[in-house]
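Here come two complexes built around chain A, the first alongside chain B, the second alongside chain C.
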Partner chain A sequence: MFLTGLSWGYPNYIGHGYTSCLNCHFNPFGNGPLNDYGRAVSATLVSARWAYPKTWTEEEIAEKSGFLFKKPKQDWFRTQINYRRFKLTRNPGSNEKTDLWITMQADARAIIKFGEKDRFVAVYNYGQIPPRIGAPPGEANKEEWKSREHYLGYRLNPRLGLYAGLMDKVFGVRVVEHIAFSRTQTQNNQSDQTHGVAMHFLTDNWEGGIHGFVGNLDQNEDLRMKGGSTMIERTVGGTHRVGASYMNSSNSSFSQQNVSVHARLNLKEGSSIIGEIGQIQKEIKATQTTVDSRYGLIQTYLRPTRGIYVYNNIEYLKSDLSNENFTVRWGPGVQVFPVQKIELRADIYNTRAFGTEVSTPDSWVLLLQTHLWL
Partner chain B sequence: MKLVYLCALTFSFSVFAQSKIVVNVGLSPAGSFQAVSTKVKGQLKQTGSTIESDKISVLIESFKTEIDLRDEHFVKHLNSGKHPKATITKLKAKDGKGTAQLELNGVTVPISVKYETIDGLVKANFKVKAADFKLSKAQYLGVGVDDEVVVDVEMPLK
Partner chain C sequence: MKILLFTLLMFIVIPVSRGESRDYVKEILETKKRIDSKHSAESRKLQKLIKNAQTVDPDDFSQEFKKLNFKIYGLVAKILQKIDSPVPETNKNRQIFLSLRENLSQLEYKESNVEKVYDLIQNHFKNLEEKIFKGHWRLFIDYVSWQNKAVLNDTVSEYDLIITNKGICPGINYARENKNFSFSIDACFMLASGEVKALDPTALTYSQSNVHAVGLKGSLGIGHFVSSTKSEIGLKIPVIFVSQLLQDPPNSGATISEGSEFIPMAGIYSRWPLGKFFVQTEFSKFLSQDHILWALGAGYSF
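Moving on, here comes the complex of A and B:
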């Protein structure tokens, strides 16, 4: 298993009526720095208010959502710090139990913005690239710090925006789970940002984008995946979204095509269901061999009360459609925001490989995470 | 057994008889929310095929929007301190259509209503524009709301 990185987004907030990421994020496709509205939402909708005096109004709580709990004194510059660390326990409760502590995110962000409704934005995000679990000894704990993303954005009008720089690829649902097959198999993980130009559009019922990219220029040229992707979503029933994505990319060694369809359903009062299924074709150029794979993801989110989300993940991966082997991963989790700027999260994952010839025991993983932001 | 039936009937009536007003608000750049109140005062009377009401009112501060901060903004934006109620008067409807007067923020505006009656419950809706009630454009940290909103009303017939 590779925990190659994280790309944090919360598409489940469609359960609060937020169909688009643009309301809360500078990046209209989600992930990365929150705008002022997003930070106020995180303080007053997502996080509990247990810690505040009853005399405090929600407006007063929202005003503490700025950097270092202060209300910004100007409109054009924002800074943010994000830190996330977790403890990964394999086979908990057994003799084969192992623990691993990993810093998955340590980012410092700066945003310059101008114009009505932040028409022009410049985003810079510098941070640690998390270690690759499962990498050869000596590399697994190697720390690497660099620009995680940097881009310029300009909205020609409220319905159309152009973004250029190092960004996540436009594809599928940017779910928070870093080990989701929908992220790892499609090469849309936290460290898979690419240099390119993206166009974002938004109408009353449609939203989507097109992304042309040349790979991460920080990588060796022969590793850079060049290509393009597109994602389109339609609002259905006033509060739900269905969508489809396509991506085609290649480098000197292999090429990859992804296609997927997804849905995000608003169950009201913060609860939601997210689903995505996709198919991937990889071609190794040297041998001219192709491998087709397929994945599926269903997430259910329930919000029993403000500050708490209870969820369940079910994932499916058939990494080679030419044989009968497949993998199913499922598990429940709980996410607690006891106060703004703190997220505590616990996940259990059970992974089972089904095969006609080889039988492997189930693997169990317990993840305990702490996420802090300023 | 009769007692069981009576209890079941009473329970089902109490479930279906509750009045509710839902304001469906579109957000800009995207998304939506609902402001819901079940604290509705007033009655619908049916005379033949005509449905009428002299007065239906709801306290603005009784609306809940799923976000406490938005509740505060909702009450403030609708000027609840000075005009605490929204009131529908002179409602007269027949064959699925009707007219009424809506008073909000101290301003009275005529409205056109569509409705249907299902098992004694009237489900009606109408559209209103905030600007017609002299309400300023609502916006918070870059996210605004659409000027036109759709209001759904559910009330039992008496």
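Moving on, here comes the complex of A and C:
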């Protein structure tokens, strides 16, 4: 199992009325560095305000959302630092309990932007690649530092943009949980960025993109997954989104096709439901064997008060449609933003296996996480 | 105006004539006396125009008359604010308040202040209304899964078995809810099937497949609404009573003791209304075993 962590992109903020990721991120499909507006939203709407004097206005709090709590003095250059570490406990409360501390993210980001409405952006994100849990001995704790993403973006107009470089693939809902089946099975994991060119469009009711990619050029050529993907969303009912995605990619060993449909429902004041269901076809070229699998994801979010989100991750995976076995992972959790630039998070993951003559004790994981950013 | 004020006093004095409110009523009476003594003609004229739906020219009325009316309006508002239980919009005190607002509106006197006071009173009654608990019925169907244990006894040893169940649970929910909180009780009929295996497959080879389970699940819950759409999160205490008969291994002399039939739990639930429909989840832990039950469902609110 390659357990990875979380990054900064929250499609559940549709519950605050943000249908498009472009509102808050430089990458119009979400994830990666936040723009100034996104940082201000994280400081005000998302984070609690109890730590600030009552006399401070929201504008004053938002002004502290810049790098090192300062309001930028120029418009063309931004820097950001992200650090995320968590404690992973398997089988908590049992004799088989094991603890693991992992630095999941240690990123330094630089963004150059200029032109009207930041028409041109250049994003560079350098950081640590998290260790691969379950990797061969000697590799599991090997630290690796490199460019996590780097791309150039140019908006031809507010409705159309082109992006080229090392980026996440355009597919499905970019939920923050990289261990989600919807990300691991579709090869949209935390370190699955690829070099390519993406086109993004946005109209009053439609948003989407097309991505052509040649794999991560940092990898051996045999491993690079080359292909293309597309994702399209439509606003329905004024505040909700429904969408569909398709991806086709291959390398010298195997090819993979993903197809999915998804929905993001805005249930107001931070409450939302995200759902995605998809099917994957993998073909191993050497043996010409094909495996079809299916996954499902439901994320439910509630915001009892500003700064706190309570959620469920409910996931389904049938890794081979030709047999009856499937897995359900159920993860209630709480996410707290006590003050801007700090996120604390606790997740429980209960995994249950189903199938004919399959009955094994559930596996449990407790994840405690701290995320800091400047 | 006299009739109006008389009515006003009749209905305000009687229910709230105590403490601070008594002082307000006294002040209203004094103000009314002043209107009667100095502005009775204006008062009659205004009532006549409004009654006949004729246009009121504010310049035809003195500033003092307007000021005194505004004073009474404010005092009535203060009395209404003292009311601590909801009253319907048809309540006479509220009707009088609305009449006074209409008078001042026609007189075009301090209109923004008049509206602010009006909003204040409306919000006050809205808040009182929202504190009232009302009953709501819901029908739902959950996809539910839980694990349970059983024990296989042979002549020398005991072996733990684990049963993984999945099925459906259609049911009914009744809740007493106000704007912020919900107290609910629900019950559903469980129809499920389970797979049975030895907990330690190296010690025992045993399995049964598709073992039917029927049962009842009941819960008490307390919830908190966190959005204007009434998204809800809460705690619940479910209890399941389930019957699931496992077959003894043939020709071995071993017998199986089924797991608990009566299982109390503690859990969290959440619910998201989508119009009259809703989606709900539940995640509950058995109090006496290290197992959980989860449920994902949908339903309809009446």
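Quick note on the criterion: the second predicted complex is superposed on the first by the 366 of 374 C-alpha atoms of A that agree within 3 Å, B and C clash if a C-alpha of one lies under 4 Å from a C-alpha of the other, contacts with A are read in each partner's own complex, and residues count from 1 in each chain.
In the analysis below, a contact is a pair of C-beta atoms (placed from the backbone, for glycine too) under 8 Å apart; a residue touches a chain by one contact, two chains touch by 3 or more.
What you are looking at is a predicted structure, and each value in this text was computed from that prediction instead of being measured.
Legend: residue contacts after superposition of the two complexes on their common chain; A:G270 is shown touching both chain B and chain C.
Once the two complexes are laid over each other on the shared chain, residue contacts for A:L367 go to neither chain B nor chain C. Of the two partner chains placed by the overlay, only chain B lies in contact with A:L45; chain C stays clear of it. When both complexes are overlaid on chain A, the residue A:V123 reaches neither chain B nor chain C.
Shared-chain residue A:V175: touches no atom of chain B or chain C. When the two structures are aligned on the shared chain, A:L317 is found in touch with neither chain B nor chain C.
Chain A residues in contact with chain B (one complex) as well as with chain C (other complex) are 268-270. Note for the complex: chain A touches chain C at residues 93-94, 265, 267-271, 273, 298, 300, 302-305, 310, 312, 314, 328, 330, 332, 350, 352-362.
Against chain B, the residues of chain A that register as touching in their complex are 16-20, 22-23, 35-37, 40-41, 44-45, 49, 57-59, 61-62, 117-118, 158, 202, 207, 238-239, 268-270, 306.
By the touch criterion stated above, chain C contacts chain A in their complex at residues 145, 147, 162-164, 166, 194-197, 199, 207, 209-210, 224, 226-229, 231-233, 268, 270, 272-274, 279, 281, 283, 290-292, 294, 296. The residues of chain B lying in touch with chain A in their complex are 24, 27-34, 66-69, 71-72, 140-143.
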